[in-house]
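Here the chain labels run A, B, C, D and E in written order, and each chain numbers its own residues starting at 1.
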Amino acid sequence: MILGTVRGNVISTRKMENLVGYKFLLVEPYYGTKKDMIVAADTIGAGVGELVLVTTDETTQHALTHPSPVDAFIVGIVDYPPEEKKV
Amino acid sequence: MILGTVRGNVISTRKMENLVGYKFLLVEPYYGTKKDMIVAADTIGAGVGELVLVTTDETTQHALTHPSPVDAFIVGIVDYPPEEKKV
Amino acid sequence: MILGTVRGNVISTRKMENLVGYKFLLVEPYYGTKKDMIVAADTIGAGVGELVLVTTDETTQHALTHPSPVDAFIVGIVDYPPEEKKV
Amino acid sequence: MILGTVRGNVISTRKMENLVGYKFLLVEPYYGTKKDMIVAADTIGAGVGELVLVTTDETTQHALTHPSPVDAFIVGIVDYPPEEKKV
Amino acid sequence: MILGTVRGNVISTRKMENLVGYKFLLVEPYYGTKKDMIVAADTIGAGVGELVLVTTDETTQHALTHPSPVDAFIVGIVDYPPEEKKV
């Protein structure tokens, strides 16, 4: 999964019918750069500034109640930034 | 999903039969570079200059009326460029 | 999909049985670099120098007559290089 | 698969129900950079500093006892760093 | 598919049960850099120094006798390095 920070909302009025009901959030990868920014669907209610876990591609479908054309989905909100250990 | 701007059309006369009926649009990622340009199938009717949401890989199939060999599909037209917030 | 130019053939005598019957073509992404060169299966008959549309990953299967372990497949030959418009 | 080193844990209390029971580990690709850090689900019990094999995308599901929205999964612990041979 | 050169073996004693029987090979992309090195499962018997074709993600499953959590699989051994033609 990708670890990222929610940076804002993406509003789309004209969209596929089976996308109604999702919020679309801009997510900036925690270890990447702004160039790697993605848009992830959300039903958990993640807010701007929160650190989230995003799953991608077809695995998104295992988090949904009905098949939907979304390739990035927020599956968890992370409690605190991870600490990287060198052993 | 990828946020991108429609930059033009791609015309293909010799193509797989189950691709007939789609428009193919050049999409430049909003946060990427021209090097990341992709071609996305479209049925919504997105126009050049519009900001769109593109889903990729097998998740495209959940937006289609029949299975088709397309790995990028325009699932929504975005109302306005997103505002990135730092919290 | 990826827009790319056919650069040559890849010949493999020792290969999985269900790959017999495909031609394997070197494809250089039109917007990428040689570093992004891929090998795509082909049944349309694309020739060296032609501009093609390549679909990737599991979506390739929707273009095939039987399931095959190919993650890139040429689904169309493009009529002419796309014109990018700034609006 | 990706070869990577476990760098720490990612703790998420608010998460999708079908993610309960997995540990989430930060994995730094052995041949990549910190920018390519991913989060992989684990049930084998890999520890910080261990070298692991991570499978990605939908292929993760073939390692799971029930479908789950995880796009990276630790499928093996590597005995020792690989030796690259030039022939 | 990815064209790559086999650089060595990856040995994993503690691994998922359905990975027993595969050899894991380090593969360096022919057109990429060492940073893009991947680990591919093999049943063909590719050796160090050989040039191979690797398919990725869920398409690997179409080469297997049983579903397995591997996202890269060697589907062919290439006869000789490809010649890139400029037309």
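In the analysis below, contacts are C-beta pairs under 8 Å (C-beta built on N, C-alpha and C of every residue); 3 or more make two chains touch, one makes a residue touch a chain.
Remember, predicted model here, so these are calculated numbers, not experimental data.
Any chain bridging chain C and chain D, meaning touching each of them, is among E; the list is complete. Distance between chain B and chain D, defined via averaged C-alpha coordinates, is recorded as 31 Å. Here the CA centre of chain A is 19 Å from the CA centre of chain D.
Multi-chain contact residues, meaning those touching two or more other chains, occur in chain C at positions 57-58, 60-61. Chains in contact form a single ring whose order, set by starting at chain D and proceeding to chain E, is D, E, C, B, A.
Interface residues of chain A facing chain B in the complex, by the touch rule stated above, are 7-16, 18-19, 24, 26, 28, 34-41, 48-49, 57-58, 60-61, 67-72. The part of chain C that touches chain B in the complex is made up of residues 1-3, 30-33, 44, 53, 55-63, 73, 75-80, 82-87.
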